[in-house]
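Dropping the structures in below, format is structure tokens.
After this come two complexes, each holding chain A, first together with chain B and then together with chain C.
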Partner chain A sequence: MAGATWLAALLFLPAVGSPLLAHPAFGRFSFASRAVLAAGVGAAFLSFAMTLLALADVRWGVALVATVAALLAWGSRAFLRGEAQTAAPEPVRRDTAERFAAAVASIAVLAALAATLGGAATSVDLVFFWGAKAQQFAAARGVDTEFLSDAAHQYMHPYYPPLVSNLFAFATMAAGRFVWTCAALTFPLGLGALAIGLPGVLRGMVPARAAAATSALIVATLACIGSQADVAGNADMPLLLFETLAMALLLRPDSARASGDLLAGILFAAAASAKVEGLPFVLAATALALVLRGGLPVERGKAALRLLAPTALSLGAWFAFGASHKLFYEYSEYGRFFDIHAEHGPGIAAEILRALASTGRGLPYLIPLLCLIGAGRRGRMAALPLGTAAALAVFIVFTYLHLTGDPAQWISWSAARVFAPIPVLFTLAAACPRLARRAPEPGPGKA
Partner chain B sequence: MLRLRSTAAPVLLALLGSALLAALALWHVPWKQGFVRPRTLYDHSSARALAPAYALLTAAALGIPQGASVVVRAQPPDATMETWYHRFAVALLPGRRVLPSAFYLGFTAPELWQEAEYLVVVGPRPSPEPGQLLFETPDGTVWLRAR
Partner chain C sequence: MSPSAGDPRSRSVTLWLVAAFALCFFPIAARTARPLDEQLRLPVTPLDRTDGRLAKQWMFLESCRPHVAPASSLTVIADDPDAAMSLYMMSIGAFPYSLPLPSSYYGLLTPEEGRKAEFVLAYRRPPPADWPLRLVANVEDGAIYARVAAP
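Right after this comes the complex of A and B.
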């Protein structure tokens, strides 16, 4: 019973985000996509509400947290004033390719579920810190500063962004206890959400068949990496869900409007609040999107605000909490920002390749790359996912270069997971519409 | 006049790639165990070496009272494993004071944990017996320590 309630609390997330997604400006998305986007928005607002309440020293309660989060979602509609209603997508009859893609995505989700339930996909980080923190936060009805500041608990990284611990704590408060199996099931659950929601988001960019195939490839890639790199129960799947949806939103031709930017911005906030590497993803994707769109400086400024303000507020509240309790002031631990050990460079490159090659024989990284190459020259918007992938890769290598000792072991258990967004970004780039070529002018006799 | 180029090839590539990767994901599922639920979440993961500690500590949570102090040791002693066991115990024994016998892969000073009321030993039964045996599982033993 506790397990069912624990999971039901997370399935409640679409309801938390629905005050925003119910706005008529989002009518252009299918019901399934809207529900999944609402879940992402709900996760962002729920975590933000919990952080704000902790900052204000107000004890968490399930009803209080959910109400504050839903009110924040409702309040964010103010940024959509003047946004016109959009038409619902045309109902489409699935062709054979789409049905095949849906079947493949379903099989991939079921494989992730079976691997998780079979004890073959769970991350030790679930027990080491994500779950341990969540359980303690739920018991304390807030972010337990005494627990986090204990010298014996520093391995839990007190500064780590709070979204996953907050969401797990919310579910724990609802269920009355932490349920480890249910926390691990967030991997197939997140993957299932992506399989349901992504095709509808991509349909704004490419035809239905390409949207279905692209989604299937992303879901299968993540099922493969997630099962073999043991991500069940840690923050990688939520991060991948938020990043993938946000990037797909930005690639739509209709993204450059208030509703598109705000939605992507809130999903960015969720990503940056899920894992440290979410922040460089957000900064790179926003900068590239603004450059690629062009437009007047005023328009770009407004877009930048909508894309970045949710992340700034979310992380701002978290660091304000850390600073006000003298817990943390920055992302730390691996040395000062420019203290890098370049002598480890060649070893790091070799170790990364080894780690990726040992995950599904490297195929989850290689196949999306081959699809990108096989897709030929893409339109200019492909620079958005590809540039973000490059920035993320540089950030990860830069992070590995900070370790004083040999980072080989660290890379061996982290690289497969932290590089997982890159094949997703390759797949999205491959799906970007190709540059149209000039068709031959009709001859005099063909006009 | 511009026209859209064919999307058939990229779609076909994506479908083939996704099918291959879904098959690879299925291949990773531990089918050999049948549809029997494993004892722990880690039985077939890369952290399977920690599965006995997970199972033992989950069982110990039912026998060690809230507020009690507890230390988890490996038999034979092993600083690396005891570092991980300590972390597991903090999570799986909430409400207890978990004292570290090892930290960041090195043993701690015994004074840090010697006062622990309960001792969880992952592995064979220790000799001499460190106190009153509360229960034993194939993964190890739980003791109320002699004081």
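Right after this comes the complex of A and C.
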């Protein structure tokens, strides 16, 4: 019973995000995509509400947290004032390719589910810190500063962005106890959400069958990496869910409007609040999107605000909490920022290749790369996922270069997971249409 | 949206679907590579098929749980520093209503911390002879001891 309640608390996330997604400006998405996007928005606002309440020293309660989060989602509609209603997507009859794509995505999710239920995909990080932190936060009805400041708990990474601990704590408060299996099930659950929601988001960029195929390839890639690199119960699947949806939104021809930017911005905030490497992803993707779109500086400024403000607010609240309790003031590093050990470079490259090659024989990384090469020259918007992939790879290698000792062991257990967004970005780049996607501006007298 | 020139062609779509189907094989193959009876056995710990060493340690903590009074302090000692560290980390999650204290941390011995604990969970090794303890129970891979109050 506790397990069902624990999972039901997470399945409640679409309801938390629905006050925003119910806005008529989002009518252009299918119901399934809207529900999944609402879940992502709900996760971002729920975690933000919990951080704000902790900052204000208000004890968490399930109803209180959910209400504050839903109110924040409702309040964010103010940024969509003047946004026109958009037409619902035309109902389409699925052809054979789309049905096959749906079947492949379902098989991938079921394979991930079987691996998780069999205890074959559980992340060690779940039993080392995610679970412990969530239990402790739930018991303390807030971010437990006494627990985090204990010198013996430094390995819990007190500075680490709070979204996953917060969501797990929310579910734990609802269920009355932490349920380890259910926490691990967030891997197939997140993958299932991606399989349901992504095709509808991609349909704004490419035809339905290409959207279905792209989505199936991404889901199968992540099922393979996740099962082999043991991500069940850690923050990797939530991060991949938010990043993939946000990037797919930015690639749509209708992204450059307030509703598209705000939605992508909130998903960016969720990504940056899920894992440290979410932040470089957000910064790179935002910068590239703004450059590729062009437009007047004022328009770009407004877009930058909508894309980055949710992340700034979300992480700002977290660091304000850390600073006000003298817990942390920045992300902890394995050395000083520019204190890098270039002598480890060749070893790091070899170790990364070894780690990727040992995950599904390297195929979940190689196949999307081959698809990208096979797709030929894509439109300029492909530079958005490709540039983001390059920036993320540089950030990861830069991080590995900080370790004083040999980083081989660290790479062996982390590289397969932290490089997982890159094949997703390759697939999205391969799916980008070849022609310029920007609709022609109406000429004089044609408006 | 109508298809436009340059969108992934149907040949690409077919190839992508074949590639996606092929990738599904890996999580399934990892399962079917093991004997059928092992596949059908339900996991006892979250780490059964991820890390056998940690799964054994988790089982040890689980079997100690009924013998440790709630809201008490405990420490885990082990036969090697890596096991001691991972057992300490897992004990924080496995005993949410107790206070785990480290007897070693990253290989650095901290017996002054462990000494304060009301319960000592000894994994594959006996406790230090100079700690005033009484045996509470023997479990697989170790035993549980309770601190004896000084006379």
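By definition in this document, the second predicted complex is superposed on the first by the 434 of 447 C-alpha atoms of A that agree within 3 Å, B and C clash if a C-alpha of one lies under 4 Å from a C-alpha of the other, contacts with A are read in each partner's own complex, and residues count from 1 in each chain.
Operating definition for what follows: a residue touches a chain if its C-beta (ideal position, glycine included) is under 8 Å from a C-beta of that chain, and two chains touch if they have at least 3 such contacts.
Note that this is a predicted model, so its numbers are computed, not measured.
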Query: Should the pairing of chain B and chain C on chain A count as a clash or a fit in the superposition?
result: clash
Task: Look at A:F128 in the shared chain and tell me whether it touches chain B only, chain C only, both, or neither; answer first, second, both or neither.
output: both
Message: A:G119 in the overlay: touching chain B, chain C, both, or neither? Say first, second, both or neither.
response: both
Message: After the superposition on A, what does A:L245 contact: first (chain B), second (chain C), both or neither?
response: neither
- request: Return first, second, both or neither, reflecting whether A:A139 touches chain B, chain C, both chains, or no partner chain.
  value: both
Statement: Dual-contact residues of chain A (chain B, chain C) 97, 100-101, 104-105, 107-108, 111-112, 114-115, 117-122, 124, 126-128, 131-132, 135-136, 139, 152-153, 155, 178, 180-181, 184, 206-207, 209-210, 213-214, 216-217, 219-221, 223-224, 227-228, 230, 233, 360, 363-364, 367, 370-371, 374-375, 430-431, 433-434
Field: Sites on chain B touched by chain A in the complex
entry: 1-5, 7, 9-11, 13-15, 17-22, 24-26, 28-30, 33, 37-47, 50-51, 54, 84, 86-88, 90-92, 94-95, 98, 100, 103-104
Query: Where on chain A is chain C touching in the complex?
result: 97, 100-101, 104-105, 107-108, 111-112, 114-115, 117-124, 126-129, 131-132, 135-136, 139, 152-153, 155-156, 178, 180-181, 184, 203-204, 206-207, 209-210, 213-214, 216-217, 219-221, 223-224, 227-228, 230, 233, 360-361, 363-364, 367, 370-371, 374-375, 379, 430-431, 433-435
Residue ranges of chain C touching chain A (in the complex, touch as defined): 1-8, 10, 12-17, 19-24, 26-28, 30-31, 39, 43, 45-51, 54-55, 58, 86, 89-90, 92-94, 96, 101-102, 105, 113
- request: Under the touch definition given earlier, write down the residues of chain A that touch chain B in their complex.
  value: 97, 100-101, 104-105, 107-108, 111-112, 114-122, 124, 126-128, 131-132, 135-136, 139, 152-153, 155, 178, 180-181, 184, 206-207, 209-210, 213-214, 216-217, 219-221, 223-224, 227-228, 230, 232-233, 360, 363-364, 367-368, 370-371, 374-376, 413, 427, 430-431, 433-434, 436-439, 441
